[in-house]
Structure formats: structure tokens, C-alpha cells
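Below you'll find the structure I mean.
Which chain is which? They are A, B, C and D, in the order written, and residues in each are numbered from 1.
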Amino acid sequence: MEYIIEMLNIRKEFPGIVANDNITLQLQKGEIHALLGENGAGKSTLMNVLFGLYQPEKGKIRIRGKEVKIPDPNVANDLGIGMVHQHFMLVEPFTVTQNIILGKEPKTITGRIDLKKAEKEIRELSDRYGLKVDPTAKIRDISVGMQQRVEILKTLYRGAEVLIFDEPTAVLTPQEINELMEIMRSLVKEGKSIILITHKLKEIMQVADKCTIIRRGKGIGTRNVADTNANELASLMVGREINFKVDKHPATPKETVLEIKDLYVRDKRKIDMIKGLELNLRAGEIVGIAGIDGNGQTELIEAITGLTKTHSGTILLNNKDITNKNPRKITESGVGHIPQDRHKFGLVLDYTIGENMVLQTYYKKPYSKAGILNLKEIYRYAKNMITQFDVRTPSIHTKARALSGGNQQKAIIGREVDRSPDLLIAAQPTRGLDVGAIEFIHQKLIEERDKGRAVLLVSFELEEIMDVSDRIAVMFDGRIVADLKPEETNEQELGLLMAGSSTKKAGEN
Amino acid sequence: MIDVLQSIIPTALFFSAPLIFTALGGVFSERSGVVNIGLEGLMVMGAFVGIVFNLTFADALGGWTPWISIIVATFVGAIFSIIHAVASVSFRADQVVSGVAINFLALGLGVYLTKQWYGKGQTEMVSQPFFSNDIPFLSDIPIIGPMFFKGVYTTSYIAILFAVIAWYILYKTPFGLRLRSVGEHPMAADTNGINVYKMRYIAVIISGALGGLGGSVFALTIASNFSHSTIVGQGFISLAAVIFGKWHPLGALGAALFFGLAQSLSVVSSSVPFLASVPDIFLLIAPYVLTILALAGFIGRADAPKANGVPYIKGTR
Amino acid sequence: MSSSHRLFSVLIPIISVLLGLIAGAVIMLLSGYNPITGYAALWRGAFGDAYTIGETIRRSTPYILSGLAVAFAFRANLFNIGAEGQVIVGWLAAVWVGISVEAPMVIHLPLAILAAALAGALWGFIPGLLKAKLGVHEVIVTIMMNYIALYSTNEIIRNVLTDHKTTTESIHESASMASEWLGSITFFSRLHYGILLALFIAIIIWFLIDRTTIGYELKAVGFNPHASKYAGMNVSKNIILAMVISGALGGLAGAMEGLGTYGNISVMSGFSNIGFDGIAVALLGANTPLGVVIAAFLFGTLKEGAGEMPTGAGIPTELVDVIIAIIIFFVASSYIIRWALLRFKGGKSK
Amino acid sequence: GGGADKEEETKDADKGEEETTTDFKVAMVTDIGGVDDKSFNQSAWEGLKAWGEEHGIEEKKGFDYAQSNDKADYMPNLTRLIRDEYNMIFAIGFELKEDLNKVAKQYPDTHFAIVDDVVEQDNVASINFKEHQGSFLVGVAAAMKTKTNKVGFVGGVDSPLISKFESGFIAGVKSVNPDIEVDVQYAESFGAADKGKVIASNMYNNDIDVIYHASGGTGNGVFNEAKDLKKNDPDRDIWVIGVDRDQHEEGQIGDHNVTLTSMVKRVDVAVHDLSNKAMNGEHHGGEVLEYGLEEDAINVATTNEDAMTQDIIDAVEDWKEKILSGDIEVPKTREETEKFLEAL
């Protein structure tokens, strides 16, 4: 059997940690090979080694049977390796075309970039692989899905034969995920080979041919996907059984906590993003907002939390009007918020994890008194939270930046939950996390519900919505178009509703 | 009105030229992600070299002296700026700190060497400075001619030309695309096979060259000699022009010209009837106040290149 | 790990200063001077006797405050190049109150100091406001504000405080920080009580930055305005507050000159450089109050000592600027020193 | 009391070998700028050197200077020289006034002199120059030279000292021809060549053909602009009047020279003179010494023979006589100028 890429016994160390310890990965031409492992297991590191961003301490890399050294991404490109990074490597103010050709620009004889030629080439590529993009649009104006297609085009433009995808679906909507799966299949059909990193077992089962599992930097083994199942993969990865079915009792909703009436919100361009939205949320229930990205979810959350001004309508919390109050007021009246973008909103990355734990409460007793911080109290509290929420960090004095995504998320959840808010908003709380961490977070949300809090869950992942919610509100075009019970619907129906095909109220059928 | 324009435009042109060169240098450096507070120092170096070279070789080179002087100053400015590049690109120094050091170093070294070589704190006046001239034919056009083409310095037009060239390079060529990408998202550039360090070195060296050029043009069109007070704040004004111009070569050009106009307007005003009654102090601070008002009024928010000021360390994000 | 971190943060500045001095020695050698004579003169100029020691401390005093001004803004991610203008208006305001108010010292002196702080604060408020509300880059506005301060102050000295003179009369005794006693123990140096105030304020600023909710907010806003807004902080308010406090510190640096060293203010033909040097002091001091205090003394020492170099050793004073520049470079390039130290250490242990 | 102890201490080792030929030592403290500023620091130093030469004294042993790089240096410089036991110390420039005032009080046994201002202390002689007289005479020259009947004055920083120049100049111009317009502009800096050039450019553009500058380095810009215009149009009459010393050299452009004349202020004469007096035990502490035309401490340069034609020189001489004889009193301030002009 001929391998296009062989990474043999790779070892990569970082100060204080062995990220890759004797890992072997063999990729055949024309296959989709999944790479599975918990957060921090060493997947990205391994791929960065292959892409020439890191140099391994030990091990060999063979390409098409020939041993190679890959000192930098240029060499990787020349060897036909392309990588779609977990965090997109796109220059925001540049156009799609500029991003794709960057570093390999076609020139006219006068030394000018030959944009026409470039655009033509991109059009050809995008037609051939079904990667729809607008070559003249700026990156900052296009959707995440299109950004990802740009990343793929970048690798194809450079003639990549092997494509590495690092958690490509973490940022995509279900529709976009389906499209991506299609794209991957067509890439393979065209003779490309793919390494896919993902935490979603379903996706692996769906498209991958093989799956290599790593745990804490060590290779556990490779399985033929056809010969295995999700449960086996999960337990190989975590080293224990994983409970996929979320355990929960039926909800016992009580008084109304959140009531939104006829809400309108406009974005910067003065376009209505929320158009007369109505929503009720009661204590002791989890309402999941299902919807495709861009249908007003972000605006809804920002309006409730005071980060954006509403145009009209009212938002009542425990029957008190909190419309357009400042974020501090709103938090104090009982709202907790796990933000979608944890780096931008959730944490001050340059603060220590200890300092981050009091981001919402630093001005209150006992963390400060008369404007003077009580560091002892803050650190005592932070230590406590870290143990309670299993945040894995060297110490509370470690900068938040140095923590892995899952641990950052746990810290935020701990901070928000511990304030016992009447309303807890969780936006994409499990994005990019491994199954173990997801399980933990789902449990926490349900615990909160059982303590009598109202939980608003926004997620693009239908599975998560279906598993965790007591009630599902489908959002489309700035409105709630359906209100359903999870046990009375299925993913098909939700998908249709999310695409705006019909409306439905709970209990109608 | 035309009278006023005819007297302020030529002065604005020579006043602005050194600022334009230097600001363009700032644009290159900051577009690549290296903050350059050291523009002032680069100008000092340029002025120093321009004057010293001119004084030394005036006899040998005759009419070519000023031209060769500014070329040499450009060259020395480029070399001098390597210090900033090494510190801020290779040594990952805080770029603001390194720039401040450049300012101290240039002035200290310039005056120190002047004292060593000339035995006094300031040089003689050069005998071969730049002279203004009338541009044939164009200067005969009514109204426009006297405004733009009579008694102008070739260096002023070179400055404007450089701004256009800088725009072309930054926005139309592969080199420019790469340079800007390095200032926005160095890691993206790196994964695309662009050598981030090399690009930043080149950009800083270009800024050194242009800063040196700006300083020497100032010295050879305006000051005529070198002392500790030859360059006092022009570099900072150039830095302001970089930001005012939103890190765009043509914006920087516009900002520098705006500043030159405001400056010469404040001088000319005393001879304009309806402004003559304005107390001098208001005319004196007018250029600075106008700049602030322009920014607050209609220029507004400017977004720096995203990675500006952040040392790039391979393998981190 | 953390103890070696602490060790490095002490070692690196020391090594930087040594390297700067070595470089200065090399330059002296190359220009045909004897470095030992040169440095002996520098030392005499700064610490030769009680007088020079007094003057060195006096010179360092405003640097502490202007350094704090720049450093404080930096902590909120703002670059205050305008400390210079804030120093000038603070100086003016202090002298103004010192001259025009008559009151017992317990009222007059604090009042004059307060006036300086307020004037500086106003000079910081404008760029802060423009930054917070309109997103105007503080660097340009503060540069422009420097010139406005310089020219307006000159105008006020000439036409308001005096009748077309270049220097105001002296402030009343009741507003003066000058001290006969401090002078007498330092042979008539101009050492004044401002140094105590400056050190006290450095402690306050340290406390403010590291131990109060205000400091917590300012730093948070500087690091990540989005997260700060999300956490309920008022981002605009914090930006303005940071600039106001920074400006007030600059104004206080001016008060040191107006109420301590000179007791008056003169028309200036150029900038005082106290504010500009404050940038270097802040950066040398790594933007921490303790660091700023140490850096201010280093700066004061070098600048004061430089005065003796031409007379004492025939060396131009500018050499000291070169040395300062090199020290700043090495402090900035701490990464490379750290790297070299680690190699050295590693090499030894192997 | 403290001062005396001090003096004992500072006789340290490396100065031990010094042996002065005379025990009288003189030194000066410059204002910002060095002894090579081509202006009065330089002139004062030249006076001191001439004095040293006259008495066969070596530099650094019997006479020396201390250079100030900024305002904060004056005091330490003064003190340093006192402690180095100089008997007579000159403070060059009005900027040193306040500091000298304090030092003089602290060291009553040292003799001081200040140039360009008045310090009322028993041990301080105040050297003032009658710049208004010289400015009056160059004003006469300007008035004779102008063809457009418009002349300009560029000041450095507006101050009583510089308004002496301004006042004398205006009075001189108007005395010759009251119809001549005088445009007065200040750059608010002694080191802003760019501002100087902008102002000069504007003045020449408005038909002004003679500019008198009293603006230090700012004047470089004025010379630069004048030379540029001259270079482009050698036939055009463009003139600059220099200040403090003969600025003939600054005006040279090819075969032409734009420096009409200069108002020369012989600080050296005053310093030399006063040093000798002090050496002879003749102190003028507490007095204001006025150096002017009589003492030959104020001159009008005639280096540019082509420009300073005989009739101009004659006119200048005429007016000089009138001043010396007391026929006219040259105004020193703007108020005095107003009165002076009314009386014309």
C-alpha cells in the first residue's frame, strides 16, 4: 500500500510539555483521514510539524516514500501540502483574491499584480471544486463559511495535493458543514488527500475513511471508520466511557423570567436585524435558539445584555424593564452571559486567570471595598472556582491567554454560573471543545436549570439544541418562527424551519 | 484670495516636502507592523549627514552637491534605521521604546560628532543648498502657474511623486501586498511563505531611507546648517501625518500638505486684511488646532494596521 | 521558574546600563578620550558632593512624575506623547496660583499643586475625550496639544502674568516647595520638598494601578475594550479617566519646576523636554511606578553628571544622550539579553 | 558660611597640579547653545579669550566657560564655577537672571556680571547693550536701501529684549522716511528655520525688500529664502540685515551677498573690559553698565561694500552723531516708539 504522507514516530516538545510523543500518522492517496483527540492532545501541533511551522525533535516525515525535511511553510507548499488553520489565516482588509494569491502573485510585465489573471484562475478553481466565493469581496465582509472556502482555495491555488483541515467545522453552521462535507468529497474525487481534525464524531463517521486517535500527546492507534463506531472512538480518545445521551429530568418551568415584546434591533448599517421578535423564558427551563448564523442571534443576545441598543420594543427581566440599560445594570439585575466569542468578550487574555474570575464582580464586596481590591479574597475565590469547575491551569497567576480553549470556556462558565443569575445566556458554549468538555458543560447547564434558573442556549448545532433544550425556538430572519418541544420534532423539520419554509407554534400538532 | 493662495501654496510646498518624505517612510514601516516613533531621529541623522557631506564635498562636486548629499543621507538613514529593525524585529523589542532610543541616539550622535569634527555645536552654512526654480512653460500659465510652478523646489515635486510611487508600490505590486499583509496578519503571511522578518526589515530600512531623505531635504532647503535645533519636532509632525493620513501614502501626503498650508496660512494671515485683527497667538496655534479639528470633524477614527507594534514570534499566535 | 523570572527582571536593567556605559566608553576611546576620566567627571557631576547630589535628586524629581504620566497612560494602552504640553501648562498654572493668590501655606501650596494637576488634567482630557468619543488617535492630538501649550503659555506669561516680560515674578513663599534647610544641607542646591511629593505620588499610583478597582478597570480596558464593555465597564469613561490622570501627573511634574526649582516661569523658546524625557523614563521603567522612580534617578544622574564632562574631561555632553539611547535599546531588547543569559547559564550547567 | 567650607573641599586631586600665572580667574556660563553659537555666547567667549591672551593666561587655568544645554543647567554651572574658585563669573543672557539672582545671594564673595538683563545684587554688575541704538542705525540703512518702501522685522521670541531691536529699527526707518511700512513678525522661536523661511518668503512676496532679523537660528531660514530669491533673480534687490555679529558670511550666494549690514553687538568688548576692571579691583556690583555706540560696543557692519554705498554710510554716520550728541533719544519699548513716531 502506498502512502502519500507518512509521519513516523514524531516527537515535539514545548517547554514543560511533550505535545507529540512518538506519534505515527500514515495517509493514503485519495483518503480522508481523521485525527481525533481531546483539547490539547497535540493534534494541531502534529499538523504544524507537517506544515513546517514547527520542527520535530525526533521522527521522520516521508512524502511519496521519500524522506523530507520541512523547515518552513514554503517547503510544505512546494511538497503539495496545504493547511486550513483552525484560526483562519486571512488578512481581513484584503479581498478574497488578494488573500488567495498572497505570496504567489501573478505579475504583469510592469511589475503590477495581474488581478485579472488571478481572478480568472480563482474562478476556474472555484467552479471546478464547487467553492463559491466572490473574488472581489473583502474578507471582513464575508461569512465565515466563505472565509473557509477562501482558505481552501488558497491551498488549491498553490497546487496542494494534501489538505489539512484543523477543526474546520467548529465555526460553521450546519448548512455550511454539509457543504464542506460535499467539498471534501469532491476534492477527494479530484485526487486530493485530506487530513481532518475534528471533535465531532458524527462528521468522522460521515466522511472519513480512517481515523487516528491521540491522547495526551501519544498515538493510540488508527481505525478504519467502517469497522468502528462513535462510542468506540470516543472512549479511545478520552480513555473512559462517554455518555452521549444527556441525562436530564423533564423541566418544571415556573414563573416567567424573560419576556421580550416586539423587539427591533438595527445593525451599524441601519438594517433591521431583529424584526418584531417575541420570546418568553421561564425559570427552570432551557430554551434553545436554533437558527442559521446571521438570522439575528447575535443581535438578540447583544440587545438582552445591553451591548447593543435596541430600536424599539421592550425586554423585561422578572417583570422589570431592562431595555437599553447599560451592561452593568443588566448583569446586576440577574443576567449571566457566556459569550460566543470568548477571546473577544469573555476574557481579558492578558489578565491572569485569577483576575478574570472577578471580571463581573471585582467592584463588589468581598472582592473590593471602597474601591480597593482585596487580592487575597479574589485569589481565594479564583482557586475555589478553578477546582470546582475543573479548569486546568498551572496556577491562578497564569495568563488566561495560555489556557486551552476548553479550559478558558470552563473558567467563563464558572464565573457566570457562580453569580446565580436568574437568566443564563449561553452562546455557542461548546464550540471547538472535545466531547469530554462538552459533556461537562451540558451537565452544568442542566444543573442550573434544575436550580431554577432560566437558560437561553444559542447554538448552530442542532444536536446540542435537541439534547439540551426543554423548548426550541427557531429563529429566522429576525423573528422566532417556531416554538417546539424537542421530543415532538426532528432535525429535518428544524432544518426546514431554519431555512424559513414554514412557521409553527409549540403544541400545534 | 488668489493673491493669498499664490503666497501660501509655494511656501506650503517647501514646508511640507520634508514632512512628506518622512511620513511616507513612516507609512512603509507601520504598514509592515513596525511602529516608528524614531522618525524624528531619522530626520536628525539625515539632516546631519546631508549638511556634513555638503560642506565636505561642495568644492569637488559643485552644482551636484545637494543631490549627492541627499542621496548619501538617504543611504545613511537606511543604514541607521537597521538599528531599529534589529531591535524591534529580531530582538522583539518594544517598538516604541526602540524608536525613542533612535531619537536620543541620532541627536546625541549628530551633535557629538559635529563637536568632534567641527569643534563647535553647529556647522557652517552650506554653500550648495537647493535652490528653487521656475518650471518652464508651466510657470507661465496664468493663476495656476505662479501658485504651483514659480519659485518651487524640485524636491517638493519629488516628494509628491514619491507619494504616488509609494502608493503604487504598496497597493499595486506583489511587494506591497506582501508588506501590508505582514502588518495586518503576520502569521497569515508566514503560512503563505512570506518571510515576515525580511519584509519588516525592508520596510524599516525604507523608512530610514525616506526619513534620512526628509531630514536632508529639510536641511538643504530650509535650515542650511546642522545643530541640535535643526530638527525640532518635524519628525513628530510627520508621525502625526502618517496617522492623520490613515497609514496611506496619499493620505500622508495630504496630511503633510495640509499642515504646510496651515502653517503658511498662519504666517500669511497677518497680511490678509480680515485676519490681521486676529491676535497673533491664535494664528500661531492655528495649524495645530486646525489639525485637531480636522481629525475630530471629518477624518475621525483611523484603524492602524492590525499587527502594528506587535513583534512577530514564529510559532505563536 | 518564577524566581528566575524575578532575577531576570532585576538583572536585565542592570546589564543594560552596564552595556550602555561600556558602549559609551568605546565611543570615548574611539574619539580619543580617556573613558575613566570621562566617567569620573560624570560621577563627580552627579555625586561629587552634597551639592551635586542635591541637584541630581532635584533633576530627577520632575522625571518621576512625567515618567509616571506616560507610564500610567501606557497601562491603559494609550500613548501620551503630550506629557510635554501637560508639564508646561501645569508649570504655568502652579506659578499663576503661586503669584496671584495670597493665603497661608497650608492652603496656598496645596492649591497651587492642585491647579497644576488640574491644568495638566485638562490637557489630557481633550485627547482622551476625542479618543473615547470620536476614535481620534491620541498620538496626533497630544503632539498638537504640546505646541498649543507652548505657545499659549508664552502668550499668557507675556500678556497676562506680566506686562510684556519674559519671566514672571517669583511665587509667594507660601506656595513654594523650596527649602532653606534642604538647600543648606546640600550647599545651596535647589533640592526641594517636591521629591517627597513625587515619591508619595509614585506610591499612590502604584496602589491605584495594582490595588484598586479603578486600576483594574483601566488595565482591562487597555487590554481588551470589548471584554471590558461586556463586563459592564464604561470604556469611554476609562479612556478619558486614564488620560486625565496621566495629564494630571504631567501637570504635577510642571509644578515641581514652578513651585520647587524655579519659583517662576519664563517664556520658552522651545520645549522643556521634561515630558519627552518622561517617555524614555516610563519605558525604561517598564511602565511600573517603582521602575519609573529608578529610571528617573538614572536619567537625572546621567543628565546632571553630563554637565561636568566638558569641563572635567573635555567630552561633549551629548555623549550622555548616546549612552542613554543605548541603555534604552538594551532594555527594550531584553529578549536577547534573556536569551544570552539563558545560553550562558545553560552552557555552564552542562 | 557653607560656601567657604565648600571651597576647601573642591580642591580635589586632579586639579592639584594647576598653577595659574595670576591668581585672578574669570569664567562664564553660556545660555542654551555653546560658545560657538555664532552669537553672543561666542562673542563673550572671544572677549574672555582676548582677555586671557592679553594677560598670558591659559584656558581652563585662568579662564573657562561652562556650557548650558538646557534651562536646568544654569544653576549647577554657576555653582560649579564658583566652587572652582573663579573670582569673576559672567552669566551670558537674560535667561540666567533668576538663577544668578539666587546664586549671587548665596555667594556674596564672588563677583558676577549678567549680560542683557539686570540683577539687583551688590556683587552683580549688569551689562546691558543699547541694541536699540544699533537697530536704529540699521533701520536707517534699510530705509535708504528699500525701493519698495516696505521693510520687515523678524523677531525670535517676543520679549522686552527683542522689542528693543524692533523699536530701534522702526524708529530708524521712520526717521528717514515716515512713509515706509515696517512689517513685524515673530517666529516664537530662536531655532525654527522653517518658520523663518515661511515668514521671509511671505514678506519678500509682499514686496518687502529688506528684512532685519533678530531671531538666532530662525534667521537661517530668512537668509536661506533671501539667497534663494537672489540666486533665481540676481537682479532683484533682496536684503537681510544680520544681528549680533557680522553675518556677512551667511549672505554669500555665488558672487552676490544679500547681507546688507549687521547690527553688531560686541559682547566681547564688554566682557573683556569688565574682566580687566575686575582684575584691577574695580567692581561695578549693583550697577547697570550700558554699552552702546560710545563704548564701541555697538557697531554697524560695512563689510558689504557694494551694498553699503557711501551715501548710506554717510547717513548712518549722521544719525550716529545725532544719537551720540543726545539730539535724539532712541526708543527702547513699543510705547516709547509710539511717542517717538508721533513726535516725528
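For the reader, a short list of remarks on this structure follows.
The criterion applied here is as follows: a residue touches a chain if its C-beta (ideal position, glycine included) is under 8 Å from a C-beta of that chain, and two chains touch if they have at least 3 such contacts.
Everything quoted here is computed from the prediction, not taken from an experiment.
The chain pair sharing the most C-beta contacts is B-C. The distance from the centre of chain C to the centre of chain D, with each centre set as the mean of the Cα atoms, comes to 34 Å.
Taking each chain's centre as the mean of its C-alpha atoms, chain A lies 47 Å from chain C. In whole angstrom, the spacing between the mean C-alpha positions of chain A and chain B is 46.
Rounded to whole angstrom, the centroid-to-centroid distance between chain A and chain D, based on C-alpha atoms, equals 75 Å. Multi-chain contact residues of chain D (touching two or more other chains) are listed as 69, 188, 190-191.
Multi-chain contact residues of chain B (touching two or more other chains) are listed as 228-229, 232, 284.
Shown for chain C are the residues that touch two or more other chains, namely 151, 270. Interchain contacts (touch definition given at top) occur between A-B, A-C, B-C, B-D, C-D.
Listed in rising order, the residues of chain B touching chain C in the complex are 83, 87-88, 90-94, 96-98, 100-105, 107-109, 111-112, 115-116, 228-229, 232-233, 236-237, 239-240, 243-244, 281, 284-285, 287-289, 291-292, 295-296, 299-302, 304.
Listed in rising order, the residues of chain D touching chain C in the complex are 2-3, 6, 9-10, 14, 32, 60, 64, 66-67, 69-73, 75-77, 79-80, 83, 94-95, 97-98, 102-103, 106, 156-161, 163, 188-191, 333-334.
By the touch criterion stated above, chain B contacts chain A in their complex at residues 172-174, 177-178, 180-181, 184-185, 187-194, 306, 314-315, 317.
Listed in rising order, the residues of chain B touching chain D in the complex are 6-7, 10-11, 14-15, 119-122, 124-125, 127, 129, 131-134, 151, 218, 221-225, 227-230, 232, 234, 263-264, 267-268, 270-271, 280, 284. Here chain D touches chain B in the complex through residues 33-38, 69, 183, 185-186, 188, 190-195, 197-199, 201-202, 205-206, 217, 220-221, 223-224, 227-229, 231-232, 249-250, 252, going by the rule given at the top.
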